[in-house]
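Heads up, there are several structures right after this.
One chain, chain A, links the two complexes that follow: it is found with chain B in the first and with chain C in the second.
Moving on, here comes the complex of A and B:
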């Protein structure tokens, strides 16, 4: 083994020199094309504008192919890995998926301090990201939240607009349909919270069969008025069509419906559930592809780039040092800070997605939830 | 003619005619086979083998015994009904098995697998993986204090390297191969000494594991690396045995001094108790429940996924029905079959007149009509389904028209989607061409003169249709029904979009388990059942109607 690598290295160097001289490329050990997987839509656009375009400007000849497969990334990466042909170089996933990919050995473990840039004041990357590094494989990008939007024009006359998460369950004061995600996540937490369980006890209660029954019983009170969604775009559409009065979705989707499209929609920040989104690198990438990915990631997750992304979408940058740099919306010119889920005014009452809990209970509670839905 | 029985007929070249005919036929058959061979090979390699290997996952369960090989064997003795956690020996094997699994990062895979059966095992394995080092360090620190030479990688190598241990080496390599799924072949520059393997069995095994992994996976040199914590734990375990202490005092090979120092100071080492150690990492390890799950699912092949797929579960007490609040699959299978039948029926009712028109109108009109049938057929499935969404929703076109006409009040608009109605309406529309086209091609071949003849003989319109025309169009109905039914049974995009909760099919759960929960075993079991159901129905159809009666084309 040793012998072979000794023999190969000079050869690789020789070819690298040869390619350097012929192609005049500065980085002979990196491939020049990358496939990045993301979610499509406004989110992917924000990544293209904030990370990819500046990077391609700096690195002549680099081309990036975007694949909009993040929603099925975990299954596809497993299939690719089993087939022995991983075609992706960098994958954007939620933190829960990153933990899963790490568990399955499908994502590469990274040394955050070695791979990522320091903050401008010299704080190490791992301190700058802090608790948001929820898995050894996960490189955080943004904090987003799942929260609730409502139709401002359909609020009954004489009643104040909804401001409490429990208004979701209050059909007497706020009649009309609701849109909730077709998964137990978030719904179960909100149900318990509105059934009198203290916030700090929610996961302890939800861990017991009685607690799960309790949450489903609470959801039962509104089940005839719920349309269950499975894609993030559903709720804004249902709200825009007037199909539902209230519905849960991601805060960035609501921002774009309210501010960019000027729909008669309002939103709550109460009991918003924080979640993270970030990069993972597929395990066992060939060296030259890995080198390119590392180079890109170091650039794309530095303090300025993460702050830049907030010009295009209302998701909070995952670095502490990026927060003060968040500026105005690129087209509308409005201040973005008040639209961030992490803004102190918005983050008065929040939940942090409990990764460990859902990794354990997901199969069990999902079975109960789906069985309840099917009744 | 009577001659032929005695004297075989001869062909031109003098051979018996029968033989030479058979030869010619055989040659033709081979030529035909060769012609389709590429297609056959293509279908087998790209279609049949992948499907079979996917279905194979519904029973495959090697991950437990591959990851924890010794633990699983030791656990066989354990009686789960006593409500007592297994004894120290099982935990000891678990420690060394799990240590290997953690190094190769297989333990979290096992955790995810077992979490399908028991909630909490995913984090149990994940957190235990992180704390496993601490357990070994309890022995490493005092050992290094007793004799600092225990800190050196080279010292360990010199002590344990020797000859005669090839068999041990290969058996450990085999364990790695099973656990990691790679060959792990190659010279590692280390052979355990047979003498040490006898005197310090746990130490030598742990060190051999370490050596194989260090060389093959990390591509390092064994002697230069500090051994794993597990090796120290192994030594502490060996020193528990009084015979080992005696053997060490008589030993004079490499490392004798340090070993003797350790043997004389055994009391400075904490007592080896893996059972307590694991309970300290996470108390769940002391729970018999965790162990019965591991025991029940330790076989290489399990009926567990299939049982899950029909709302049963495998428990230490045998097969049981799942708690009622977790049952869902039987209901979904029934619903899928029922709704596919309804959709097929609706397609017959709606498709038959259209096909009749197509077959009987003048060419020009029929062609225009045909385009109207085919146009939606060529449109993307998603577009058509989304269009139905626009039509069916409560603020949608159909409801708007009904409200405008005054048929329903604005306050109580009809709920036409996010339920079974939505799925049936949208899928009937989408699958209609699959009914119309075979019907049309059969009807095209029915001569119009038959109907005229019937009428001229005094039949009424109805009788002529029912007695003469309809029976001849049955093969088209059969073909269309089979197509529509089988397509419908596997649909999932349309139900997902317009089906809400009461209009989803079993395929939606299969998709969920493939792409979201990653429980591919359960998905494969559900898929296998669906496949068997379709085959059984096909067989029943053949018995009742006869498959020869099906015509896909003229």
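Moving on, here comes the complex of A and C:
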């Protein structure tokens, strides 16, 4: 009998500890704990510092759990919805995912003016965010861009550093490996642009089968020199290792590698592709949880908070009224404005992720791209 | 075997030692030549150096073997330094030590030391090749850990051997990733979760698995094979399939627990993950306990019953102590299964049950930060200590019970 009690005692103790530590309960009409889903890494850190920490300081007893699952947010939200067990309260996704989640009814439609704070000068939220509200479910947060970084110490002697997107395809002048994302987006646009297609015609050409062939043919010219990446952390790692000479990645990752980690890496802004990232709220949240989420989102997307986030990461705030408030890096004290993708000096030649085009052609071009990869 | 080996004979220097060492020299020469783009030149030069080394080392008898090895290694390193700088020194040391050790080992006839002297040359060759293959297996198992441990002391935030690290300069190394691991909630909360989930899941698997194994070992149980197959199935079905199934199975269960019993959402999450992990651990316990039960003498339980002990007392006083080694090793497997598991917890758990492997998985995908390597190093150290302790305890108990002479 002694053995039985020996087994049961620690079990009971552990259960008691587990229940005690998680029994912090609700106050009033809002629950006191929230699960927020984000991307992890420096980006999530910037959200914690700019939004979550000040919010928890203002609201005593609120606790926030972070889930780093944004990469598979669409699939997981589908599964949770089917199982009737949605454990997420607020989800950070790209605009394209937000559009999909909204179409499938997995994300809640929001009234931006009613739910979000006005700008300090009284401009309504929908005017302040402007065109960036690309879906009724989407609450924009930041503008980021996909752009190209390169190893400064591997630039051949006597040649200027790369500054044009087409240097990516120029193996003669800039020999070495490239890192490109393992999906057609951005790659196809850049390929056409560097194959002589005018910028305003890119999507018209890409809509035709011949245009798609043309883009793949251009990519064919560097194919043997490409390492295909799938996670945002890959390219900075490959650049730091010197395994590739050039590679595409998000501008914030490059900023972190260049400025914060002090790696011998440079970057181009030419033909950078803007994309948006923001919040969606899962559909059909229980009322008490929804109330807490709304309270948090109103705070976290106001003009000052969005500007604050830029202290920690080089992504542009989605509100027009936040831009003048962008200040210095929180630790390094350097001016952040020149590192923003939206800065006028950097935004001379840009693309905006074409949501309509890719919604229509994504499946088709994806299939062609993947079969081209497999050849 | 030692009585069979009468004496060790030195092989002939010219017909045996020099050619054999030349072969190894040719291999090293080929590799070195390859680095400089001329393998065809490196190969004969390497062979010549090998033969010459064998001849020279065979002439020097008065010096101790280990001095010969380091002497030769120093010469090789010096030559390497001239051609290849720091990397040359390292390469020279490696080549020098291995070649001179090999030359002495062959030249002194020690390569026959482990085999009976009636073995044919082919058998001797196989015996030594076999040892070499064993060493290779060991190397391939252990070697991947070395860069992990080494890189975890990196001063930079990338998985990169910096020039400072390779030159063994202090500024290339730091403990900052260990501070990151120990000092942040990002890692400490998952560690705490793992330490809550794994032991409880283990206790459940061990209790249920042991009972199942004992029941299934009784010959009168109907459908034993079928029941066994079902219980073992979590081990055979691909984990991702089990995980999907568990996700849909536990979701309504969790909803019911929350809605009708009013349990906290996070608490229900722990229950779900613990139960799922217990299911994964049970097959390991069943298999190890069944294996120990094969050697268990049934007449002992009858004897106990004869003395008036009821079945429960018999189990705890007679059967349990005898099958304990199987139970413990099954428990260890169950613990490690839960502690290492990432797929099921990703499906069944929510962010509040984030375990250490989960954090490592997302960290690797989103950040590639060496903090993961620091975590891995700590985990490796802990598991080595754990397994060593268990093994020492096992030996001690065997000694106390007089099962082994040591």
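The rule we apply is simple: the second predicted complex is superposed on the first by the 348 of 375 C-alpha atoms of A that agree within 3 Å, B and C clash if a C-alpha of one lies under 4 Å from a C-alpha of the other, contacts with A are read in each partner's own complex, and residues count from 1 in each chain.
Just so it is clear, a residue touches a chain if its C-beta (ideal position, glycine included) is under 8 Å from a C-beta of that chain, and two chains touch if they have at least 3 such contacts.
Nothing here was measured: the structure is a model prediction, and the numbers come from that model.
Peer 1: With the two complexes superposed on chain A, say which partner A:74 touches: chain B (first), chain C (second), both, or neither.
Peer 2: A:74 contacts chain B only, not chain C.
Peer 1: In the superposed arrangement, which partner chain does A:66 touch: chain B (first), chain C (second), both, or neither?
Peer 2: second
Peer 1: Check the residue A:240 against both partner chains and state whether it touches chain B (first), chain C (second), both, or neither.
Peer 2: In the superposition, A:240 contacts chain C only.
Peer 1: Applying the document's definition of touch, where does A:84 land relative to chain B and chain C: first, second, both, or neither?
Peer 2: Only chain C is touched by A:84; chain B is not.
Peer 1: So in the superposed three-chain picture, is A:111 touching just chain B, just chain C, both, or none of them (first/second/both/neither)?
Peer 2: So A:111 meets neither chain B nor chain C here.
Peer 1: Considering only the touch criterion stated at the top, classify A:363 as touching first (chain B), second (chain C), both, or neither.
Peer 2: first
Peer 1: Quick one: classify A:373 as touching chain B (first), chain C (second), both or neither.
Peer 2: A:373 contacts chain B only, not chain C.
Peer 1: Examine A:103 and indicate which partner it touches, taking first as chain B and second as chain C; both and neither are also allowed.
Peer 2: In the superposed model, A:103 contacts chain B only, not chain C.
Peer 1: Of all the chain A residues, which ones make contact with chain B and with chain C?
Peer 2: 1-2, 71, 241
Peer 1: Quick check: in the complex, which residue numbers of chain A touch chain C?
Peer 2: 1-3, 7, 10-11, 14-15, 17-19, 22-23, 25, 33, 35, 37, 39-42, 65-69, 71, 79, 82-85, 87-88, 231-234, 236-237, 240-241, 261, 263
Peer 1: Which of the residues in chain C come into contact with chain A in the complex?
Peer 2: 156-160, 196, 199-200, 203, 207, 247-248, 251-252, 254-255, 264-267, 269-270, 312, 316, 320, 347, 350-352, 354, 362-363, 365-368
Peer 1: Which bits of chain B are touching chain A when the two form their complex?
Peer 2: 105-106, 108-109, 111-112, 115-116, 119-123, 126, 186, 219, 325-328, 331-332, 393-396, 418, 496, 500-502, 509, 514-519
Peer 1: Enumerate the contact residues on chain A facing chain B in the complex.
Peer 2: Touch list, chain A to chain B: 1-2, 71-72, 74-75, 78, 100, 102-105, 177, 182, 213, 227-228, 230, 241-243, 356, 359-364, 366-368, 370-374.
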